[in-house]
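Questions regarding the structure given below will be posed in turn.
So that you can tell them apart, the chains are marked A, B, C, D, E and F in the order they are listed, and the count of residues begins at 1 in each.
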Amino acid sequence: MGLTHTDEGGKARMVDVTEKSVTERVAVAKGRVLMKKNTLSLVLANELKKGDVLGVARIAGIMAAKKTSELIPLCHPISITGIDVEFKTIKRPPAIDIIATARIASKTGVEMEALTAVSVSALTIYDMCKAVDKEMTLTDIRLEKKTGGKSGVFIRKRATVGSRKRA
Amino acid sequence: MGLTHTDEGGKARMVDVTEKSVTERVAVAKGRVLMKKNTLSLVLANELKKGDVLGVARIAGIMAAKKTSELIPLCHPISITGIDVEFKTIKRPPAIDIIATARIASKTGVEMEALTAVSVSALTIYDMCKAVDKEMTLTDIRLEKKTGGKSGVFIRKRATVGSRKRA
Amino acid sequence: MGLTHTDEGGKARMVDVTEKSVTERVAVAKGRVLMKKNTLSLVLANELKKGDVLGVARIAGIMAAKKTSELIPLCHPISITGIDVEFKTIKRPPAIDIIATARIASKTGVEMEALTAVSVSALTIYDMCKAVDKEMTLTDIRLEKKTGGKSGVFIRKRATVGSRKRA
Amino acid sequence: MGLTHTDEGGKARMVDVTEKSVTERVAVAKGRVLMKKNTLSLVLANELKKGDVLGVARIAGIMAAKKTSELIPLCHPISITGIDVEFKTIKRPPAIDIIATARIASKTGVEMEALTAVSVSALTIYDMCKAVDKEMTLTDIRLEKKTGGKSGVFIRKRATVGSRKRA
Amino acid sequence: MGLTHTDEGGKARMVDVTEKSVTERVAVAKGRVLMKKNTLSLVLANELKKGDVLGVARIAGIMAAKKTSELIPLCHPISITGIDVEFKTIKRPPAIDIIATARIASKTGVEMEALTAVSVSALTIYDMCKAVDKEMTLTDIRLEKKTGGKSGVFIRKRATVGSRKRA
Amino acid sequence: MGLTHTDEGGKARMVDVTEKSVTERVAVAKGRVLMKKNTLSLVLANELKKGDVLGVARIAGIMAAKKTSELIPLCHPISITGIDVEFKTIKRPPAIDIIATARIASKTGVEMEALTAVSVSALTIYDMCKAVDKEMTLTDIRLEKKTGGKSGVFIRKRATVGSRKRA
């Protein structure tokens, strides 16, 4: 199977989905922001006093999901009907995990919307904490699950393969 | 030192940079897209026939750098004067590395612009190859270097610390 | 009944409308720009010589309606099928009233589109007249009517309640 | 004095500010969202449990300030260097007040940025509470203060003049 | 037959398409960038070494098609399902022809999307070559063909009428 | 002299202008929309009754000028300080001429802003009249004049060279 986003000559094209049928589609993506222990403590302290760090990152992810087709050149514009962004604090290594779930009834999927939400939430956490920790790393951003559409269900086989193989 | 993007009550704020002086600033960020060996072969084959995969990813990164302050809620709008996005093919593990360099003479830095360029280039590679490889992972997105501004020069200590130390 | 745009923990979420049915929806919103008598005279004189003040404000409102989901973080992106913006001159107090009507066949309503159109038209009138009157006030921006959708017809009970109770 | 945003023929134009000098400018704008007592209680309860309603409205206002020149047709694009959005709860009448302060060193002022921040924060509060209260009203959106620029300092004479005098 | 985008008073309006039926629609637009012989040689040399000039122009056109309703005030927002941009080198006069094809199943047509793609691709070619040739001219941008919708099939009668009649 | 927007390998890059000096720059661009005689009559009749066709096209051009760097991938983001769009009615051939003048004090020029304003104004005229005339043609879009910057003054040699020489 070849690349779908380029033609026989290798040139970029937007895949024509005019004829595809509308089905309900869901995509779940994850990512992680590795940070110093002290940085994580500051984020948690901010949460304790009803602060805005993760709240801002969530909104940034949600708004970015709506902008996906503006950012990714060959992505079809779609009108997502649902997007959630959740955070989980990881102690070892010190990190914040981001999980985004995007939903739509459409001719194309919402994988890119979920991945974009995770990426921009992660960038926002970086931005809000960079004065204290410039070494934060955005990592393990990937699709976990996808349902709907002709290609059917996809569930990532080994959730941690990315990091493990590499280490 | 505390978080600068929240006030004493923990609420979000855009840091006031009105009084800061204009200096020349450069930021370099990197990231990696891990993929199957076969996916990398398809990208390289596309390059061989003058294809567009990496060309589209480069443009996506450059255009995203210009949109950074639209995406990151508390980022100051700035008019970048230069942005480059380069790619390096990695054989083991099969991956494409992305390096973005952003430049400006401004009151605030361009770290977020460089990081946003890397992230959106990576997302675009994912988008263009996802029909053949949904398990691609965006990883090790981080700031490598930064010059200019009051906080001075930052050079990431160990280039591979993110994955190794934390694994 | 509780807030729908936050979850049990009070965190922001975009309401999932994937399962909602598509119905024809209309929303009418109104607003008022209070100004000095002399300012209103200048706007009317501009109208007399085929000027652009209200024409620009109308276009600003129409274009803003199309941008609603970019502005309002948890608003669903929708493709409005109709939007009108009208103006009425009020003599006492000197003011311009703005009425926006938005239409769509969709899973969610167009109240926010109508309200956004009114608000941005009002801001545009302010911008175009601010050199002569910085004390202009945008006021009484509210939903007048809404049809379609599960919650059915809404008609604002007392059109002037906002201002009256307050005075 | 005539309108500056239209030419002698009444046609729209962007005022040419190329020759104007760069000065530090600050603008403060205010606005109010009138709501039912019960709606205000829900917002306050959300605040109590570290909820996101006002946090989302704040971010919406900040991001909208950065988009001002995209929304207001004849507004000059500028790169604001600071923007704050604050909220105050009013008991009688039940309402939330919004205060936005915008800063820049530039050739043109930031009144429209402050007013846009207030308006979009107010629209966001409406959006997040509209399931329980469709009769909310955005009101008294106006410039309170402005410093910098050739026209000098402006301070609104009577803070409540809008509603009172005109009622 | 009168203008549809203005009302009886001549004021702008967005045509209400809520009641129109969804049909499959295709539009083809063309345009030409006239340039010096030497400029065309440089573009062709860039193509030979797998360069990006036309690749960037293609992406610019595709992305602009997705932004059409943001650019053209009374254009309905739609979610295009396909867009292609192709280039043809013309030797005499030295020029690059641009052909864009847009597709959708929608209540309104995609003529403006195809024309916008051609225009922005042409502007991008200008931008990338302007250091060597400021006299380039964008010309003969027009709709060639359109199918779908109530008004049925349109095929431009004389492909070259624009330029010929004028000369 | 070679292309400046591609590197030695032919790859796209944004030209680094960090070191360039700020000078005052002006660019004038022109373009023409050819139409049927009857279409022109309708536009003129609309003007007579204070209609909005050309007013909307003017605003579209002004707003597009502000979006130039979002549309043209390698264009630097700049904050234009002035933009005018004028129209001239041409009787033979029936046409509307568009003249845009952009101004800035900046490190880079405003040619693309002026050309983008002309192009989007022209597309808007097409959109507003397309129900009566699908054969309209956008033509002769080009830079007429440019001052400021290192490359100095440019004045197009023969204003009509585009159409005449090539016919």
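To be clear about the criterion, contacts are C-beta pairs under 8 Å (C-beta built on N, C-alpha and C of every residue); 3 or more make two chains touch, one makes a residue touch a chain.
What you see is a predicted model, and the numbers here were worked out from it, not measured in a lab.
Following the contact convention of this document, A, F is the list of chains adjacent to both chain C and chain D. For the pair chain A and chain F, chains touching both partners: B, C, D, E. Although chain D and chain F share one sequence, what matters here is the overlap of their interface residues, and that overlap falls short of half of the numbers used.
In terms of C-beta pairs in contact, the better-connected of the chain pairs B-D and E-F is E-F.
Inter-chain centre distance (chain B to chain F, centres taken as mean C-alpha positions): 33 Å.
Spacing of chain A relative to chain B, judged by their CA centroids, is 15 angstrom.
Within chain A, contacts with two or more other chains are made by residues 11-12, 50, 52, 55-56, 58-60, 63, 67, 70, 73-74, 79. Those chain pairs judged to touch are A-B, A-C, A-D, A-E, B-D, B-E, B-F, C-D, C-E, C-F, D-F, E-F.
The touching residues of chain E, counted against chain F in their complex, run 1-6, 9-12, 31, 34, 42-43, 46, 49-53, 55-56, 59-60, 63-64, 67, 70-75, 93, 111-112, 115-116, 119-120, 122-124, 126-132, 134-143, 146, 154, 156-157, 161-167.
Partner chain E is touched in their complex by these residues of chain C: 24, 55, 58-59, 62-63, 66-67, 79-84, 103-105. Contacts from chain D toward chain F in the complex involve residues 11-18, 20, 69-70, 73-74, 76-79, 107. Residues 47, 50, 52, 55-56, 58-60, 63 of chain C touch chain F in their complex.
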